[in-house]
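Below is one structure; the comments refer to it alone.
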Amino acid sequence: MWKWLHPYANPEVSYHFCGKLQPWFFRLSFLFLAIGLVWALAYAPADYQQGDSFRIFYIHVPAAILSMGIYFAMAVAALSSLVWQLKLADASAAALAPIGAVFAAIALITGAAWGKPMWGTWWIWDARLTSELILLFLYLGVIALHNAFEDKNLAGKAAGILALVGVINLPIIHYSVEWWNTLHQGATVTKLGAPSMASSMYWPFLICFVGFSLLTGAIACQRFRTEILARNSMRPWVRNLAIAQTQGS
Amino acid sequence: MTNLAQQHLSYRAAFALVVKRDLTIALRHKDDIINPLLFFIIVVTLFPLGIGPEANTLSRIAPGIIWVAALLATLLSLDRLFKSDHADGSLEQMLLSPHPIFILVLAKIVAHWLITGLPLIIIAPLLAVLLHLHEQSYAALMLTLLLGTPVLSLLGAIGVALTVGIKKGGVLLSLLVLPLYIPVLIFATSAIDTAALSLPYSGQLAIIAALFFGSLTLAPFAVGAALKVSTN
Amino acid sequence: MSLILSEQLAPLISAKQLTCIREDRILFEQLSLTICAGDIIQVEGPNGAGKTSLLRILAGLSQPFEGEVYFQDQAITHCRELFHQNLLYLGHLPGVKGEMSAIENLTFNLALHGLETDQVEDDLAQVNLLGFEDSLASHLSAGQHRRIALARLLNTKAPIWILDEPFTAIDKQGVQNLEQLFLDHAEQGGCVILTTHQDLTLAAKRMKKISLTYRLY
């Protein structure tokens, strides 16, 4: 059933496959983001309560969703590396971590920027912001651990274990923070009623989200290729590639 | 003809063996027990000096101070869990013993808790007096520490196991471990706060107990896997 | 008869197509070996050629990049408990705790591997540690630490010995005794895999060698 996947466990095949995939990801993400962002920032209706400051939502929410999704993807990669000894899965987890961290940081910064007009302060200990901050800490832990090892294969395994521990803890942390928040603050003003969003706001949001996801795919492909090269630098095919590159230029 | 060795192994004996060994070493090296404890006491006494001696303020933030200090003291003491064993090669021998790594790791964590967690619990009421903790809160403080400090040791062990092979792992360790401690901190301090209002806090205790049993069953596996990577 | 013969030929430990990569360097590639009862094998090669890595992979401490190690035709990852009962590995580091006495160290090491501990005093006497039984190991020398670790050889039932530089910090007489011990062990159907930079005298005739070379790539 999984036979068709086997060639992709070979680093060389994956390297070239990602090389072919990546430009398409880039083109599509550019297209989607161009349409989505112009629609969202210029044409979508302003929120009747929040005015134009609401438009940061089109960047903030995709970034927040992606930061969590990427952590989950990283944990899945780490699990498959531990269970099935897939060496490439380590590389993909390592490729994903910094992207997720950047999205978490974007979500935090846009969240703070949104909070200033909304709540009159850059930071409040809102449950969602707090869990996003802790998610960023978890990402930074994974990245720091990965960087601390000299041997990239060991680094991948260690970071993978940490990502798995983190993914088990993430929901616990999330709910404990939410519970802590309601306990200490009473009912916070919920930022937006998700189900009651008008379709004129919903469509640009969806297009933006798809655009950011495709951008993630493109960057992940690029980083994955670099990771493969770094881990296989002593292999003949990498040498041949390097020779071909230098002769070509 | 070769005679292969195969005998029945007693897991309980192996567990007791490792606990006894770690306790023996710690008792002959008393700094390891006393220093984290001193750190705990000093950190707690710093807060009144920084915030002011007003009893009402202190008693309101006392649970948070005690728990954060306990967290940091545990973090400081975590290093001794695997570091010296890794440095002198006994960790390798443990991984090569026929006993399941799970048992040995659990034994080391239990020993670590007896050496560092238990003294914290014993000294905590004294510090609570210094911070004017509400009288109703003492039971909650003790119970949360009793259930919560083992979780700190268990989760911390994962972090140490991951960083034991790294030369400058100390700061990295805190970066890895502290975010994992957040749920324990939240529920423990909330239980103590609730107790101060004379309200039932069994819900929070139940959650800390759940965290305890969850980490008790899962953490030793993660530690075992991490140690295999670190000694590779 | 044929049954016994085939059992005698059955390898104790074998490795198939091991590849080991450290950082960016391939230490060895597609290395296969078979070690039977009675073998004394010296792994030789210059520093950094991967001797220790090979021993650690054979002991199951490190995972090879590719390939697998087998204990009696079973992958060691699938029969961990049985394999470890039949394995004695001593690495660069003696695994001796400074805070415990010589006798406590040896007792713990034996008990950890599920072995009898009633002869520890005799064992320590045999490795010339008579009179040091109750000294804390931190007061003993490096050679004495090594002897505490090696005392386990006298008491073990494990047929597979993997020893990384066992003669480090051991005096001449001690080296000879050890060599005799290896020969006896091989006679009794065990095998010894070791690395050393010393020239061995007694065991030289029986010894087989595996040479690893330093590779740039």
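As written, the chain order gives the labels A, B and C, with residue 1 at the start of each chain.
Operating definition for what follows: a contact is a pair of C-beta atoms (placed from the backbone, for glycine too) under 8 Å apart; a residue touches a chain by one contact, two chains touch by 3 or more.
Note that this is a predicted model, so its numbers are computed, not measured.
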* Structure fact -> Farthest CA centroid from chain B: chain C
* Structure fact -> With centres defined as CA means, the chain nearest the overall centre is B
* Structure fact -> Separation of the C-alpha centres, chain A versus chain C, in whole Å, is 47
* Any idea how many Å lie between the Cα centroids of chain B and chain C? -> 36
* Asked: Between chain A and chain B, what's the gap in Å when you average each chain's C-alpha atoms?
  -> 32
* chain B: positions in contact with at least two other chains -> 232
* To do: Would you mind listing the residues of chain C that make contact with two or more other chains?
  => none
* Structure fact -> Seen from chain A, its contact residues with chain C in the complex are 150-151, 153, 233-234
* Structure fact -> Within their complex, chain B touches chain A through residues 158, 162-163, 165-166, 168-169, 172, 175-176, 178-180, 182-183, 186-187, 190, 207, 211, 218, 222, 225-226, 229-230, 232
* Once bound in the complex, which stretches of chain C touch chain B? -> 4, 7-8, 12, 37, 59-63, 72, 80-82, 84-87, 89, 91-100, 104, 108-109, 111-114, 136, 156-159, 189-190
* **chain B to chain C touching residues, read off their complex** => 1-7, 9, 13-14, 17-18, 21, 24-25, 28-29, 84, 87-90, 92-100, 228, 231-232
* Structure fact -> Listed in rising order, chain C residues that touch chain A in their complex are 21-26, 65, 217
